[in-house]
Amino acid sequence: MFLSGVRVMETEEVVDGCFSLLLEGKNIAVNAYPGQFIHMRIADNLLPFLRRPFSLAETFPEEGLFRIIFRLIGAGTKILSRVRRGDVLDCLGPLGTGFKPCEDLRLSILVGGGIGVAPLLFLAKKLQEKGNKVIMYYGASQSADLIPVHQFLPPGVEINLATEDGSSGFPGFVTDLFQTHLQNGLLPEEIFACGPRLMLQKLAEVHRNKKIPMQFSLEEMMACGIGACLGCSVEMQRGENETVFKRVCRDGPVFKSCEVVW
Amino acid sequence: MFLSGVRVMETEEVVDGCFSLLLEGKNIAVNAYPGQFIHMRIADNLLPFLRRPFSLAETFPEEGLFRIIFRLIGAGTKILSRVRRGDVLDCLGPLGTGFKPCEDLRLSILVGGGIGVAPLLFLAKKLQEKGNKVIMYYGASQSADLIPVHQFLPPGVEINLATEDGSSGFPGFVTDLFQTHLQNGLLPEEIFACGPRLMLQKLAEVHRNKKIPMQFSLEEMMACGIGACLGCSVEMQRGENETVFKRVCRDGPVFKSCEVVW
Amino acid sequence: MADLRVKLGPLELQTPFMAASGTFGFGEEYASLLDLQKLGALVVKGLTLRPRKGNPPPRIVETPAGMLNAIGLQNPGLDVFLSRELPRLKKSGTAVIVNIAGDTEEEYVTLARELSRAGNGVLALELNVSCPNVKKGGILFGTSPSILASLVEKVRPVCTLPLIVKLTPNVTDITEAARAAESSGADILSLVNTFLGMVIDVASRRPFLANETGGLSGPAIRPLAVRMVYDVYAAVKIPLIGMGGILTLEDSLQFFMAGAAAVAIGSANFPDPLTIPRLTGELNKYMKKEGIDSLEEIIGAAHQNTV
Amino acid sequence: MADLRVKLGPLELQTPFMAASGTFGFGEEYASLLDLQKLGALVVKGLTLRPRKGNPPPRIVETPAGMLNAIGLQNPGLDVFLSRELPRLKKSGTAVIVNIAGDTEEEYVTLARELSRAGNGVLALELNVSCPNVKKGGILFGTSPSILASLVEKVRPVCTLPLIVKLTPNVTDITEAARAAESSGADILSLVNTFLGMVIDVASRRPFLANETGGLSGPAIRPLAVRMVYDVYAAVKIPLIGMGGILTLEDSLQFFMAGAAAVAIGSANFPDPLTIPRLTGELNKYMKKEGIDSLEEIIGAAHQNTV
């Protein structure tokens, strides 16, 4: 974990209301692995008061660069959407426990909903580098919201799109699209997912039926981002009858689907 | 009084830490007279929460332009020092009761300390247009702090400079310089002053001795800026034995020196 | 236009957005910026029986997301109010609520009696038992439920207008004061007044305000005020006027959902004098979009256990 | 280096900057960012006799210039603390103060007795009688001066360490609680804990936090906390630890001048984990520039009537 100033190298509005920042920060670029995140200070004043967490969407360890992709939501992301090349941002990272794919994986399935696709881009690249076949399912509510994911993915990753209004790709939820493929004979060894809670919940059902191991990246409000304040705790199963609170920022954000208490 | 967006036409750091903004706002430019001020919203968020008051330093009624000159003090002026040409600022004005020079004046003396010179620049121009002879006394702590006042004054205004450390002009307080001129036979009809409270207090003594009418522009913390909140009240003499609180933002900022309770 | 009218017991307002006492003066200054008739009501600056000079400057200071004020109830007194301010206010057509403060029960009673007289055109009275900035500005009345009850009982019979009691937040349990005011005859409760605070000027090593302490208002206190409205709503049956740091429509919706039937805008008028007309327009749009016919549908909604 | 050491009755600290309870965990997480030995003291997360699960999420929400938290005293309990956290903390060389909370007087007493045992290496105890986020998290003890006095009287005999009592600000008169704690044996008072607040999520029309209410901290509350430290300083003789919204050196100077002999940094650690080392350096420079030899010269300075 490092606290450092990172320089903005490139800014791009990849799709309406959705931005990519390419940042220079050697420590983060070299040490991060997929599923981890950074905790960014938005302003050196009170507005907003807390840092904001963003998943690492890509790293270039040799160049010391990394990317985040974020959607404009409120005050913090608004300010962040206006930074310029050359600005220096105060960044804490890499943070958290990310995806831990099984070593002898051959085929990996990635399911992303909305901006939740960001950490999966990093994961897809890494898995493919290791020789995996990667199939990505990616859904949004409408065509205009779809991030051009191919732009951040190596060739060879299979991309299946779904939009709820049917304006692009499969018409419906990304989980429905994925279900169809499952029914048509797709045989995933492990599934990695990030997206709205409802989407993850649907996937967890699939899991219960098919017994495919799944890793989910969760979100929760964060203050410290490093495990000290216990602000980001979520309930997890421990054994059969007991639950405990685990910290999204340190024990997660990635958890096994079977742990999560819905 | 108008509430409107004013466009930044020109920004200049006239001297280290001191900025001039030329702003486009017809209503203000046309209606303002010297000693009045504007109340500026610095940001459309919470930082800072309150507006900030700035004296009008010059107006161009035909072009619909006006100028403020301000010193970098804290959070608000920091943000204001970074605005760019084309930005639109939320501005309330013109506000307050300004200088009311005697109609049949021939010779006017202006005494300014520090950034307090700003409203006097506007006044000097107006007085000269009316055919007055204008002599300005202007002091700062050191040469590096002196605003290039000639830049904002019509030719013909006599400028006498003083610096406390003697790095420019008369070495000492501007009030001492002025005293010297008084002793050497200067015969002011009316004096207009703006600056630190201590400077005004010294001038008030001169007044008590020489009985020259004086008008002082005062400062106080402001919330509403229009007379409603009673936050900016200062104590004023009413008759011999009674005092009342008057509002700097509406009854002032300009008051007769004999009214002020020190 | 959605129906923005609200009924608070005996008090009917055109819209739920009022100007909070002390932040809108007697309306005169704002009249050139906005139409005073469009306010739900204008609560005038705290009025006392005799004129009051107020505290020496500095009286205000900015704080993170807020401000402290220690005006000290500067006001022209009842007589000047009745002869000069009230006739002008009535002419403007705005709904006038008078905020009153006294050093003694008798002063409150006299003020309430005089202001209740027919023909004055005052819409309601707000008992200020919570001004933190004058030694006897009612803060004593506000912090003790029994003293508060005694005061309200005395004022009630002479007050023929709707009687609002404005609660102080500087207490251990605001619901106690709320219940005391309700059971002794208040028609409506308004909350909150300001929180007692201090800023120290580290250069001079002295409190910044001449009065040393001042009352904190603005967005900084909003979560505290929302919590108090939420608690008081569950404790009493009479309607509430909520306030404390409202800037945006969302802020005011928090108060409505916590249980306020109307809200007052205070410090927000300073950065944006057009806050009230802006919120009125936005509430209208919001109600249309959400299909809300009457504000009553959302008042206290946050107390329901279903999502 | 100016002399930054401070003495708070029986407690000596290397610097006046402490990490506030609940914001620095057990130090482990911050250890990779800064040298824990450089803290004046680390006040660990509120400890209870038995492990505590804490509240369901969401537990925190940002507010204007601050945040609400409703952690609910999640902690591993005394045994795990003694066997796992404390040895590690001692090894780090930091000055450890343990913040304790209980549902009953007996729990406080047991905690105080066990933690006082020689060899534990705990520097002092802080009695948390002011956590607003658990039904029995001590807030009841904190809001009644007599109940507080009784608790402190019971804990005092078994506590061989310096005893700090942390006051809640959610009271009508904080000096009453302060005096009660002083006269029943507290060595030091710390103030303030968080203010009870609420944010309503207008989309779901429900309180945002699962616990409904949470404690407000951060710059928003600073003027309120400074005022309370100022008042308590005038009311008691024992030393004070001030906290509430400190971000900058100027903020901490306000607390020193109001009367705090040391200060704790809470929420500011989240935006800037290096706040404490930064302030330590800045205080050193400030004291040199102002020719201040010992911090004592400015503690309580704002109470002097001369400028």
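Which chain is which? They are A, B, C and D, in the order written, and residues in each are numbered from 1.
Criterion: a contact is a pair of C-beta atoms (placed from the backbone, for glycine too) under 8 Å apart; a residue touches a chain by one contact, two chains touch by 3 or more.
Remember, predicted model here, so these are calculated numbers, not experimental data.
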{"item": "Labels of chains that are neighbours to chain A and to chain D", "value": "none"}
{"item": "Greatest separation from chain D - chain, by CA centre", "value": "B"}
{"item": "Between chain D and chain B, distance of the C-alpha-averaged centres to the nearest whole Å", "value": "47"}
{"item": "Inter-chain centre distance, chain C versus chain D - centres from mean C-alpha coordinates, in Å", "value": "34"}
{"item": "Distance from chain C to chain B - Cα centre to Cα centre, in angstrom", "value": "36"}
{"item": "Touching two or more other chains - residue numbers and ranges from chain B", "value": "46-47"}
{"item": "Residues of chain D engaged with two or more neighbouring chains", "value": "64-66, 218-219"}
{"item": "Overall pattern in which the protein chains touch one another (line/ring/star/complete/other)", "value": "ring"}
{"item": "Chains touching one another, given as label pairs in label order", "value": "A-B, A-D, B-C, C-D"}
{"item": "Complex contact set, residues of chain C against chain D", "value": "63-66, 68, 143, 170-173, 195-200, 202, 204-207, 212-214, 216, 218-224, 226-227, 230, 245, 250, 253-254, 257-258, 298, 301-302, 304, 307"}
{"item": "Contacting residues of chain D [partner chain A, same complex]", "value": "22-25, 28-30, 32-33, 45, 53-54, 56-62, 65-67, 69, 71, 74, 218-219, 247, 267, 269-274"}
{"item": "Contact footprint of chain C on chain B as seen in their complex", "value": "1, 3, 41, 46-51, 90, 92, 220-235, 243-245, 250"}
{"item": "Touching residues (chain side chain A, partner chain B) in the complex", "value": "45-47, 75"}
